[in-house]
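Chain IDs A, B, C, D and E follow the sequence of writing; residue 1 opens each chain.
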Amino acid sequence: MHGIGVFVCHCGSNIAATVDVEKVVEMAKLEPGVVHAEEYQYMCSEAGQEKIATAIREKNLKGIVVCSCSPRMHEATFRKCAEKAGINPYMVEIANIREQCSWIHKDVEEGTEKAVILTRAAIAKVNLNTSLVPGESLVTKRALVIGGGIAGIQTALDIADAGYEVDIVEKTPSIGGKMSQLDKTFPTLDCSACILTPKMVDAAAHEKITLYTYSEVEKVSGFVGDFTVEIRKKARYVNMDKCTGCGVCMEKCPSKKAPSEFNAGLNNRTAIYTPFAQAIPNVPVIDPNQCTKLKTGKCGVCEKFCQAGAIDYTQQDEIVTQKYGAIVVATGFDVIKLDNYDEYAYSQSKDVITSLELERIMNAAGPTKGHLERMSDGKHPKNIVFIQCVGSRCNDSKGKPYCSKICCMYTAKHAMLIRDKYPDVNVTVFYIDVRTPGKNFDEFYRRAVEEYGVNYVKGQVGKVTPEPDGSLTVHGVDLLENKQLKVSADMVVLAAAIEPNPAVRKIATMLTASIDTNNFLTEAHPKLRPVESPTAGVFLSGVCQGPKDIPETVSQAGAAAIKVVGLLAKDKLLTNPCTAKPDELRCNGCSVCANVCPYGAISYEDKLINDHGVRETRRVAAVNSALCQGCGACTVACPSGVMDLQGFSNRQIIAEVDAICR
Amino acid sequence: MSHGNKNQAAKVKEISGTNPLKCMKCGKCSASCPAFDKMDIKPHQFVSYVVNEDVEALAKCESLWVCLSCFACVERCPRDVKPGKIVDAARQIVVREKGGNYLSANEIPELVEEDLPQQLLVSAFRKFRR
Amino acid sequence: MSINNEEFRPQIVAFCCNWCSYAGADLAGSSRLAYPADVKIIRVPCSCRVNPMFILRAFEKGADGVIICGCHPGDCHYSTGNYYARRRMTLLFSMLDYVGIERGRTRVEWVSAAEGVKFSQTMNEFVETIRGLGKNVRLGDLRCKK
Amino acid sequence: MEKYGLKSKFIRKGYRCMKYSYYPGCTLRTKAKKLDDYMRASAKVLGIELEEIENWQCCGGVYPLSSDEIATKLSSVRALNEAKEKGQDLVTLCSACHHVIKRVNDDMQNVEDIRTRANNYLKFDEPYNGETKVLHFLEILRDEIGFDKLKEKVVNPLTGKKIGAYYGCLLLRPSEILAFDNPENPTIIEEFIRALGAEAVIYPYRNECCGGYISLKAKDLSENMCNNIVNSADGFGAEMLVTACPLCQYNVTKNSEKDLPVIYFTEILAEALGVKEEVDAQ
Amino acid sequence: MQEIISRLEQLFAEGKINRVLGWKKGDLAYNPEVSYFESAEALKDFVYDGFCGANLSKYMIQGSALEGVTAILLKPCDTYSFNQLIKEHRVDREKVYIIGIGCKGKLNIETIKAMGIKGITGIKGAEIDCACDELTVETLYGDKKVAYKDAMLERCHVCKGKEHMIYDELLLESADTLDGDRFAGVDAIEALSPEEKFEFFRKELSKCIRCNACRNVCPACSCRKCVFDSNKFDSEQKANVDPFNESMFHIIRAFHVAGRCTDCGECSRVCPQGIPLHLFNRKFIKDINEYYGDFIAGENAEEKGPLTNFTLDDMEASERR
């Protein structure tokens, strides 16, 4: 290609200090095809860009090389500049002579030599560049939210309020999530149900929101703007259209032995159930593992009593297929299993409970009707010990390496509520650190200490031993006093770590969204794109991205919503033109490329090929450029080199190799 | 603010195979230690003597000789620091030095009782002597 | 041909994936973590874009060492690219060992965007290894050699 | 059980000719001879064949924690290698021997430095790389025979007896390496007690240390610890304690105020299998 | 042989096949030529003997384009290649009638010649229905006796087995011929020092004249246009201009067929320079088996190949032996 322009940036002294930019210009001029080369202080500045534009117009340049900072920094800038000046934006190559040259070399001669070589490689590459035009894809104006907790509800409400259709898929029978299980919320002590249930009702009533409860995402295909999702609506065995939510079925059901998920297993529920009284939708489901009728064919009590005739034992799972433009993951969290922490006697004593179980005990709708009672004997406890960081901040094989973030605050809340309601109860909190960053958080914790007399002890607990008299001895340490403590307690509450809902791994795989070693979804950028997944069109809301409390979850939910709205507001999306492209004439049709494509972007068609005058129908590969993300896996899999990647073609890379090794 | 012997601290880290910097000072070791009351330097404090390269002070302490190597601290340490291995390494450094034996053979007869199992003597010899 | 290692400046080609390793190299740069200028980086979208032909071509044209850098397994931007790359490079390099090419001349390293230090360390190590091995005389167009 | 490394593939229940190498250890030859005798008599009933390692040397009683200690680990390696050459698993009975040998074996498997140096020192025909599987006699009862099968073999069920298991520390910790049972809430001896027809008393101090060798120089410390153990067991209704460790047996008996009998688990095994009298008569 | 011909005639008569892909007599006693037989009558020229060792699978890429059904004779080892071609959509199963033919080992004339036997005029004992363990080589200098086993192709000594992976019908019995270790050659090279390895391959590969016989015969090397003939990588060249090209060509060729190569050994058989090319392919096979679990290309037509597959905990390149 004739007509290449080379533009060398000083970047102030960032480059010029260790690279002789004039020498680079001089050497660049000697390269074949180069008709123009110049240097300038700041190429990315308006004046610098103007120089490029002028040179393109005046020298009729076909391609340009900018020797500057990393392409990750300003490739887009210079592409735009080139486009404005009238050439295809993909006729731009960057030689990274700052991050990968001037900044790491001290010797000017060495730096200059390398800069010349990098420039030469970029020139060699641009020589083989071709104009590329991004494709377009249509945007389906509908969003999917996976998970119906507070994160999912808030995201859905915000998207719906902006005027777009949203579906919420929730795997349990009701939306509401973990927040519905909480009694009060810190630091204001509002009743959780009082602030959550109106939002649940709003979501259910919103004309733009469709709820798929007791449903799971089964399969996801497609790409940003055009996802196709299969949703499995699990059989409820209750006809949602007929059920009036009267609740008689639940009263009459003789199978009452299933541990109640909502009450954290502290009491039992019936086989036909709604998780809680304010459930939305207020339509029960039959648990097929518990229902006598479904297991043995005998019983049928609920059907007999249902006046609406809503019970249907023959109901089957149903698959709904729906198209979406964007997907929000809001799968939330679970409390970790405490199998690895038997030193705290969780499995040995009923009076050692998790904080979530305490929430249920404290809640008026809970197993004890809100009375503080021991689960073993129903007695009112006099001494309660809280143990912090159970499974959090562990880098052994048993726990989680991260801080679960919410435990310090909810423990302060529990301690305060107990001391407030039952001043006769002594409360001791064993802590490692009390972490209270957040508005009014530290004040809240201090109130627990100062106004409510909660006894905070810095130090961890080694063991909890049940005593013959039914009490518990907590073997702890007071690190500030340097003393071992043996505290007698009637109840021990463990601040168990939280972990992402285990289902998220499967969902992340379906979405090709990346996930970290702790199963938290990875954000596209930890600071600047915290609610987006690296996979285009997939957004993150709530604890699935990292531990957070309710206010943070709600604000992240809103942020995710606005990102979705920003996407759905577009009619069309431009696709990355650096996609794979087969040479049909030479394609063997062997399918090896399709086998390695992570996006299912390659299909095969029988096509009439005119091979130098011979016309025959052949099986050849075809790439869906909207699906192809341009990784290049197929190009290497193809033995005949038929599959090539635009923008990073075989010959371009070979040219770079040659230029470097010359 | 290192005020001690770098080599000894390095030796402790090496032969114990522990990294004292992993410690987050939670105190679970001290809460678990059955010999806590007998110790002058407490299990959660071992790490700081190594970090501050003050193994001399650690070597002089009583804790060396009352640690039972029962491994409760190692088992429960959430940070995989293994305080029990640190104190044993310090004990090794002491007994390897000349005159560092904590138990002399002459003491044995008066300590031995009728039913005392061999295992006890063997173990004590291993722990208290070179 | 006598090799004076003092003056021997190896020619090293590093293929870096755009999303992790190239960004890791940028981070090494912005953290001013030096490594020898002998290393020249070629940006590819993913480690799975690296064709064995590129590697042999580099050796042919006079490279003394070739290193492939990609995202850590599990972190691939394209989710699975580096897994394919891992298999391909393992087999290819094993074959190069088999035909008698010095093992140290080829390397695969996973470097994340946050691992500027690792990038710089890896390159320093690699250059050191290649310097120790001397010029690549076994795999190359001998006409390119001086 | 899987969690503690006991993969079900190792669990081969049922009767067959079970031949093992056996490492008794020093104490079992003298003060704790009964621990050994009862076990041998019971093993015969259960069809377990034990071949004592020739010329075994004392394990040292405590595992040398320092990574640069080699000499003190060699006696264990010799025993392990002998079992390997015979192609047998190595069985131990004393908690201390079990602890030391299992940990040395782990070093031989996983710590290259120790493996190399030990092999350089010992110069076996073929280097020992931790191939032998180390089993406690209780593990054989649980994983090879199975407690359900053991139950069938019981002729004198210990019905009505309330027995507490005392594990101590050596059998359980560090769980990562010993992989014997849940270190904080073990069940193997309880299951054993139940298999013999007695009632297993569960008390929280069963995995606490008895004081070990410390009782030699700091008796009061051991007394404090043993009293905790015995008081807790007594409080939960135990009539006796069983243990696998001669040192535990000694400390808990000698250093506690309460007069709670502490006996070896093999004694109740022999009793239930109907061979105790025969041993006692020897 | 008559049994084969009778069966083929019958198939023609039944209208099940339109042609046969087989062999006709060549100009010498030991070089039968691959040929199509378009009718039952044409079968008078048909031969099938111990020298009919070629793997006919690859012919069916072209054969699939012909009208009607072609009958093809495949030995057990050939069926692996055929399966692999099905997997890669290169042959049309519907258009092939596979006669899985028994095999008692195929002969290599080069091996016989290498015994110092010259002036060969005829060979007795190579007939397919002859159960002889011995060949009688007729030469200008009198008859020579050669044990059948000693004259076999290398691949027969490391035979993959007597079972056909795919067929429409089976004909004739197979014999066990396996008496060698397939990876012994690779092991021997692996045991060398890098210098010795380099010398070995330099010596072997410097013989290469780039006649492309290996490529043309290889059932896995079936690209419409080989990368070495195309401009896709700036790699087109007809001759080896320097030692690098020789290495590059053979390494890349082996890499391109890695995970697809059925180790049929045709490359080594046809090499006019006698380069042991199978040593490249077997190295990949050995590595694949060792690193990613045993895999036999062409065992079936469905399983993913090792290079189009992965596991999350595959070994790293640095862990290679």
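Definition applied: contacts are C-beta pairs under 8 Å (C-beta built on N, C-alpha and C of every residue); 3 or more make two chains touch, one makes a residue touch a chain.
Nothing here was measured: the structure is a model prediction, and the numbers come from that model.
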Neighbouring chains shared between chain A and chain D, ordered by label: B
Chain of greatest Cα-centre distance to chain A: E
Farthest chain relative to chain D (centres taken as mean CA coordinates): E
Chain occupying the most central position, where position means C-alpha average: A
Where chain C and chain E are represented by their mean Cα positions, the distance between them in whole Å: 37
Distance between the centres, which are taken as Cα means, of chain E and chain B, whole angstrom: 69
Chain centre separation (chain A, chain C; CA means) in Å: 33
Mean-CA-position distance for chain C and chain B (Å): 47
Multi-partner residues of chain D (each touching 2 or more other chains): 183-184
Multi-chain contact residues (two or more partners), chain A: 343, 463, 596, 637, 641, 650, 654
Residue list for chain C, restricted to those that touch at least two other chains: 51-53, 57, 74, 80, 84, 88
Touching pairs among all chains present in the structure: A-B, A-C, A-D, A-E, B-D, C-E
Chain C-touching residues of chain A, taken from the complex the two chains share: 70-73, 96, 98-101, 103-107, 110-111, 113-114, 117-118, 121, 512, 514, 522, 534, 578, 596, 598, 629-633, 635-637, 641, 645, 648, 650, 653-654, 656-658, 660-662
Contact footprint of chain A on chain C as seen in their complex: 11, 13, 18, 22-23, 25-26, 28-30, 32-35, 37, 40-46, 48-54, 57-58, 61-63, 74-75, 77-81, 84, 88, 120, 144
Residues of chain A that touch chain E when the two form their complex: 583, 585-592, 595-596, 604, 616, 619, 637, 639-642, 644, 650-651, 654-655
Touching residues (chain side chain C, partner chain E) in the complex: 51-53, 56-57, 59-60, 73-74, 80, 83-84, 86-103, 106-108, 138-143
Interfacial residue positions of chain E with respect to chain A in the complex: 65, 87-90, 222-227, 230-234, 256-257, 304-305, 307-309
